[in-house]
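Both complexes shown next keep subunit A, but they swap its partner, so subunit B is in the first and subunit C is in the second.
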Partner chain A sequence: MTYTKHTPLDFALLGGPPMLDKLLPVGQLYFPSWDRYDAAMRGIFERQYYTNHGPLAQQFEARLADFFQVKHAICVTNGTLGLIMAVKALGLQGRVIVPAMTSIACAQALTWAGVQPVFCDADPDTYQMSLEHVHMLLEREAGICAILGVNLWGGSCDPQALERLAERFGVEVYFDSAHAFACTIAGHPLGRFGRLEVFSFHQSNLLSTTEGGCITTNDDALAARLRNIRSSYGAGPAVEVPLTSNGRFSEAQAAIGLLNLESCAEALSNNRASFEQYQLLLQAIPGIELLTARGVEQTNYQHLVCEIDETLFGMSRDALLAVLKAENIDAQRLYYPGIHRSAPYVDECATALPQTDRLCGRLIQLPIGALASTEKIAQIGAVIAAAQRHAGALATSNKAVL
Partner chain B sequence: MRKKQTASDLALLGGAPVFDEVRSTSNLVRPDIEQFLAYSKMFFDQHRYTHDGPLVEIMEQRLAEFHGTPFCIAFCSGFWALVLTMKCLALAGKNEVVMPSFTYRRMADLAAWVGLTPHYCEIDATSLAMTAELAAACIGPRTALLMGVHPIVNTCDVEGLERLSAQSGIPLLFDSVESTYETYRGKKIGAFGRAECFSMHASKLVNGFEAGYVTTRDPELAAQLRRMREFGFVAPDHVETLGMNAKLNEIHAAMALAGLDDLEQQVSRNRLRYRAYQQAFAAIPGVRLLEFDERERTSYKTIVVELNADWPLSRATTLSLLHAEKILARPYYSPPLHHKKTSYPTIFADLPITDALAERFMLMPCGHFVTEDDIAQLAELMRFIGAHAAQIEKGVL
Partner chain C sequence: MTYTKHTPLDFALLGGPPMLDKLLPVGQLYFPSWDRYDAAMRGIFERQYYTNHGPLAQQFEARLADFFQVKHAICVTNGTLGLIMAVKALGLQGRVIVPAMTSIACAQALTWAGVQPVFCDADPDTYQMSLEHVHMLLEREAGICAILGVNLWGGSCDPQALERLAERFGVEVYFDSAHAFACTIAGHPLGRFGRLEVFSFHQSNLLSTTEGGCITTNDDALAARLRNIRSSYGAGPAVEVPLTSNGRFSEAQAAIGLLNLESCAEALSNNRASFEQYQLLLQAIPGIELLTARGVEQTNYQHLVCEIDETLFGMSRDALLAVLKAENIDAQRLYYPGIHRSAPYVDECATALPQTDRLCGRLIQLPIGALASTEKIAQIGAVIAAAQRHAGALATSNKAVL
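Moving on to the complex of A and B:
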C-alpha cells in the first residue's frame, strides 16, 4: 500500500481525506493487556489494600531500587509533586538554575516550593541544557543554591559534569529525569546522580503508571525526609521536615508499574525499531533532521524529535504541524515558547536565551510508542515527504491556513 | 469473643486479643469488582489512562449532580484540591487563614503550601466545629480566607459562616471531606461557600484509591482550577497561570464511579452498624456515642465516642488497651494543631475549649470490615475495661 498525497488538494488541510482515521497521540502509552490488568485489579480487591504504601507499592519500590541500582526509590503521585517535594527535602532556599527549554513543571515545582528559577539556555550542539551557560550563571548570579539538571528526551545533560560544577561552586545539584527511564551512562542506568533524581511514570513515558513517578537517591537521611514529606504511611521513622503533603502512590498505580516494568524491554525494543523506521523514512527528506539522544550510552527512544529547517524543507515547523494535525497525526511543538516566555516567569525574566528561542521555533515531536504501529509510521513518513514536496503549492493554495 | 474474666486477660496485660484481624477506623469500602472493570474497559479501549480521560469527565458530571452544583473538578487527592482552591480564593495581599485547631493534622501544612499563616480558631463544645461567632473573633486586617471545616460527625455552622463571609468580604472555603453525603438544613453539602473540597482516599466514604474533588457554583473558579491542575495551560503551548500536575488518573476515577454506584447501599450498611453502636454503647458508664443528626441526610460512616468524666482511664491508656486487642481506635484530631511545632508561623489565642476536649474523643472501628457482632464485642470489652480500671492501672504501671 502506498500513502502518497499526489496533489496539494489530497492533503486533509485542504479538504482531502485525513491519512489516519483517528487522532494518533505522541505519548508512549504502553499499558498491560486487558487480561493482566483484570488479574492485577482482582488481586487488589482480594487484598483490600488500596493505598498508603501497600504491598504492591513496596514491591514496586524495591524493584525500582534494583533497577536503578540505588538504595532508595520513593514512589510519588506524579513527577511534578516529586520535584516539589525534592526542594523541601533538600532544604533549598534562594535561586535554582533550571533550563528554560523543558517542561514548565520544572519551574512551577520550584515556585510551589518557595525558591526562584534562574533560566539557562540550551546547548547549540546537544540541545540539552548548556553547561557553559550554567557555569556563567554560577559565576555571575547571586543567591544560587542549586542546579536542577534536566535530562531531556532519552538523552542526558551530562550529570557528571554538572556534579563537578556544583561541587566547585558549593551548590546542590539534583535532576529531573522524567524522560530518562532505562537510559544509561558508563554502564549504569541514570538514577544515581546528584543528591537525587526524579522520574516520571506519566503515560507519555516509557514506564507508565498512568500518572506517577519516583525519586531515587543513595542518601538515607534525604530518603527519610522525602518519605515523611510524602505522607506518614510508609514513611518509616518520623524525621523533621518543613512541610508534609500527600504524594502517595496507590496500589493501582503500583500494579500497572509492576506489569509495565516486566514488559519494559519489549517496549524499548519496539521504540528502537520505530526510531530506525523513522530514520529510514526521514533521511531522504530535505530540511528535516531526526535528533539522536545525546549524552547517554543507551537511550529509551521515547521521544521522537525532529528539527525543521524552514528554508530547506520549504515550510515552517508550524506549517508542518498544521498539515500533520489535519491528517490526525497529533505532532507537538516542544516546550514552545520556552518557560522564560510563559506566565508568570516572563514578567521576571529579562534574559534572552537565543538557543532556546531558536529551538522552540524549529523542533517537532512525532508519535512513537504503543499506538504508533509500523504502518502508521510509514503513513506519517509519507505525509511529511509529500508536505515537503508540495510545500510551495500548499503554501500558495492556502496561505490563510499556513 | 474470648471471654475476659480478669484484667490479666486483656491483651495489653498478656491475654489473647479479642480479634485476630485488625479492626480499623478506615472505611475501605470495596466496590463491585465487575462494575469497576466495566468502567475500566472504557478508558482501556480508548487508550486514555489520564489527562482528560472519559472516566474523570463522567465522574465530575456525576458528582456535580450528586451535590447539586454546576461544577465539579477532580484532583489527584483532596490534599492538593484544597491547596489549589486555597491559592485561588485567598484575598490578594493578605496572608492569614482562619481555621479550627481541632481538625485534620495536615490542615496547617495545607495553608503553608500557599504561603498562608494559619490563625487557629476555637470550637463550639457541642458541634466540635468553628462557629461564625468564634471565627469572627479571629478576623483581622490580614485575613485572606475562612476555612469552614465540617467535623467528623454532622456539619458545622454553614449559615452563620456564609453570613460572616458576606459581611466581612472574606471568601469562605469548606473542607467537606467528612461530609460528602450530608445535608445542611435539607440542602446537600457541596453548594455552600465559594467552593467545597472533598477526598476520595480509600478511607473515605467513596473509595477512589487516592482522589479528591472540588465543587463550586463559580464558573471562573472552576475554569481556573481546571487550568491549575494541569500546569496552568489554557491552550496547547499557552500557560497563563501558575499550575502543577494535580490530575486524577482514569483507574482511580473508575474506582470512584464504582463506589458511587454502591453509595446508597453503603449508607444502609453504615446505618446498621451505627444502630448496633447505638444499642451496644447506650449504657456504658463514661462513654458517650456522638449521635448523627437524623433530621438531615447522613452517611453514618465514622463512629466517634466521648470518654467523659465518669470514664476511669485516660484516653491514651484506653487506646493502648484497644490497640492490643487489634482494635485500631484512634484519637480524634490529636494533638490539636496549636500544640504542634511547625516550621512556619501560626497565630492563636487561648483555646480553652479545644484544650479541654482534646483528650476526650476517640474514633471507633467502622466501615467495610466491621460487623454488628464486632460492635457488640467492642461494647462488651469497653464495659469490661471500665469495670476493671483499678486492676488495669496497676497492671499497666
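Moving on to the complex of A and C:
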C-alpha cells in the first residue's frame, strides 16, 4: 500500500482526512503482554504488600545492577526526584554546569536541591553538550562545584572526557542518563560513569515502569546516603543524610520493570528496524536530516530526531509540526526554546548559547517505539515527503491557519 | 478460642512460640479485590497509555473533588511531594510553624522547598499540635510566613481555629491531612480548610493508591499553579510558576484509587469495629490508654494509638514494643524522638517542647486495617494483657535480651 497527499487540500491541516485515525504518540510505550503482567500483579495481591522496598523492588534493583554492571541500582519514584536526591547525596553547594538543550527537569532538579545551574551550549556536530564550552565555563566561571553531564537521545556526552575535565578542575561529575538505557561504550552499558548516573523509566523511555527511575553507582557510601534520602525509613543501614524525601518505588512499578527488562532486547531490535525504515524514507527528502546517536557503540534508538533546514525543505520546523499534528502524528519540538530562555532561568543567563538557539529552532522528534508500526512509519514518511513537495502552498496556508 | 501466655517463658521474646505465624503490619493495606483490579488494569493495557494525566487520573481527580466537596483535587506522586509543591505554589518565604510530633516528611518538605520549620509542641489533651503554642510562636518569633497544620491520627488540629490565628497574624495556613481522609467537621469531610490540604494515599492510609497523594483547594489560581508545578507539561493551562517538578500520577495509581474510593466506607466501618474491639480488650488493662480522635465528628480509625503509663503498666513503652515485635506484631513508636530531636533539625531548636518529649516516649501504634482480623486483634489484646501481668519478669529479661 502506498500513501500520499496529491494536492495541498489533501492535507488534514487544510481540511483533508488525517493520515492516521487516532493520535500516534511520539513513543516509547513498550509494555509487557497482559498475561505476563497479570501473573506478576496477582503475586503482589497475594502477598498483600504494595510498596516500601518490597520483594519485587529488591529483585528489580538486583537485576538492574546486573544489567548496568554496577554495585548499586537504587530505584526511585521518577528520574526527576533521582536528580534532586543526587545533589544532596553528593553534598553539592554552589553552581553546576548543565546543558541548556535538555529536559528542563535537569535544571529544575538543581534548583529544588539548592544549587544553581550554569548553562552550557550544544555541540553542532554531536548534538550533545559541548565539551569545549564546559571547559571554558570551568576556566572562567566562579563557584562551579560539579558537572551534570546529560547523555542525550541515545547518544553520549562523552562521560570519560567529562570525568577527565572534572578531575582536572577538582569538581564532581554525575550524569543524567534518562535517554541512555541500554546504550554502550567500550562494550559496557552506560551506568558506571562519574559519581552516579540517573535513569528514567517513564513510559517514553525504552525501559519503562510507567513512572520511575533509578540511580546507579559503584560507591557504597554514596549508595547508603541515597537509600536514606529516598525514604526516612526502611531500606538498608541508617546513615546520616542532610535531608530525606519520599522517592519510594512501588511493587507495581517493580513488576512492570522486571517484565520489561526481560523483553528490552526485543524492544531495542524493533526500534532499530524502525530507525532503518525512517532512514530509507527520509534520505530522499531534501532539507530533513535524521540524526544518528554519537558517542556510543550501541544506541537504543528511543528518540527519532531530525533537523529541518527550512531553506531546503521549503517550510519551517514549526510549520511541518502543524502539518504532522493535523495528520494525528504527535511530532514534538525538542526543548524549545532552551532552558536558558525558559522561566525561571531567563534572567540569570548572561552567556550566549548560539548552537542551542539554532538547534532548538530546527529539531523535530518523530514517533518511534511500540506503537510506531512499519505501516505507520510509512505513512509518516509519506506525509513528510508530500509536505516537502507542497511546502510552498502549505506554508502559506499554514500562516493563515495558525 | 482464647489466647494467653501463662508464664514469662511462653513469650516469644524469651523463647516461646510467637503468637502470630507471620508479621502483622501496622496497617492499613485496604485494596480492591483482584477481579475488580484486574478489569481496571486491562483497560489501561487496551488503551496503551500508562501515565501523564491519563483518563483514569482525570476521573479519579473528579471523584475526589466530589468526595472532598472542593473545586480541585490534584493528584500527585506522593504526599511528601505534595507538601513540597505546596510551599512553592503558595510562594512562601521565611519560617513555617509545624508540629514536632508528626511525620518528619512535614519538616523535610519545608526544607526541600527552601523555608525553615519552627516547631510547636503537642497538646496533652488532644494529642494534636498545641494551639496555645502556635499562638505564642506567632507572637514571639520573627519571620513566620505560614502555619502548616497537621491533622494527626484521624483527629484534627482544629483547622478553623488555625485559620483565625493565621488571619489575625497575617500569615498563610495550609494542612497536612495525610491521616485525615474521610474525617469530618461540621458534617463535611476535611479537605476544604486553609489555602490547601495535602492528603497521602500511601498503603498505610485508609484510601491508598500504593504510593500517591492529592492536594485539595477551592482556589482556581492556586490549583493552576499546582498543576504546573506538578509537571512541566501536559495538564491544564500553562501559568508561570517558580519551579516545576515531576509529581505526576500514573494510570495504575488512579485505577487502584478509583476502586478503593468506592469501597472506603466499608473499610472505615471495618476499622470502627476493630477500634471497638480494642477498646473492650484494653480497658481492663492497667497503664494502657487507647486514644480517641479529637476535633472531628467522624474519624477514620486508621491509627490505633495507645499511651503507656510505665508505672501502672509495669514496663516501658519500648519494652512492650520488644515483646510485641517478638510475637510478630508490628507495633511502632510514633515519631520518636520528635522532629526537633532528629537530624538535621537538632541544632536549630531553641524552644523546649515538653509535651512532645513526654508523648514521644509513651505512645505506641498497634495494627489496625485490612489485615487486622477480629482473631488477630484478640491475640494482640491477649499478648498485651499477659505482658502487663508478667511485666516484672519480662522487663528484667528484656534488659538482658536487648
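In this text, the second predicted complex is superposed on the first by the 395 of 402 C-alpha atoms of A that agree within 3 Å, B and C clash if a C-alpha of one lies under 4 Å from a C-alpha of the other, contacts with A are read in each partner's own complex, and residues count from 1 in each chain.
Criterion: a contact is a pair of C-beta atoms (placed from the backbone, for glycine too) under 8 Å apart; a residue touches a chain by one contact, two chains touch by 3 or more.
Remember, it's a predicted structure, so these values are computed and weren't measured experimentally.
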First (subunit B), second (subunit C), both or neither touched by A:299: neither
Partner chain(s) touched by A:270 [first = subunit B, second = subunit C, both, neither]: neither
First (subunit B), second (subunit C), both or neither touched by A:202: both
Partner chain(s) touched by A:246 [first = subunit B, second = subunit C, both, neither]: both
Contacts of A:29 with subunit B and subunit C, given as first, second, both or neither: both
Which of subunit B and subunit C A:102 touches, first, second, both or neither: neither
Touching partner for A:337 - first (subunit B), second (subunit C), both, neither: first
Subunit A positions touched by subunit B in one structure and by subunit C in the second: 29, 31, 34, 37-38, 41-42, 45, 48, 50-52, 77-81, 84, 103-105, 108, 111-112, 114, 202-203, 208, 210-211, 242-246, 248, 250-252, 343-344, 370-371
Footprint of subunit A on subunit C - complex, ascending: 25, 29, 31, 34, 37-38, 41-42, 45, 48-52, 77-81, 84, 103-105, 108, 111-114, 202-203, 208, 210-211, 232, 240-246, 248, 250-252, 343-344, 370-371
Residue ranges of subunit B in contact with subunit A within the complex: 28, 30, 33, 36-37, 40-41, 44, 47, 49-51, 76-80, 106, 109, 112-113, 115, 201-202, 207, 209-210, 231-232, 236-237, 239-245, 247-252, 255, 343-344, 368-369
Parts of subunit A lying in touch with subunit B, wherever the complex brings them together: 29, 31, 34, 37-38, 41-42, 45, 48, 50-52, 77-81, 84, 103-105, 108-109, 111-112, 114, 202-203, 208, 210-211, 242-246, 248, 250-253, 256, 332-333, 336-337, 342-344, 370-371
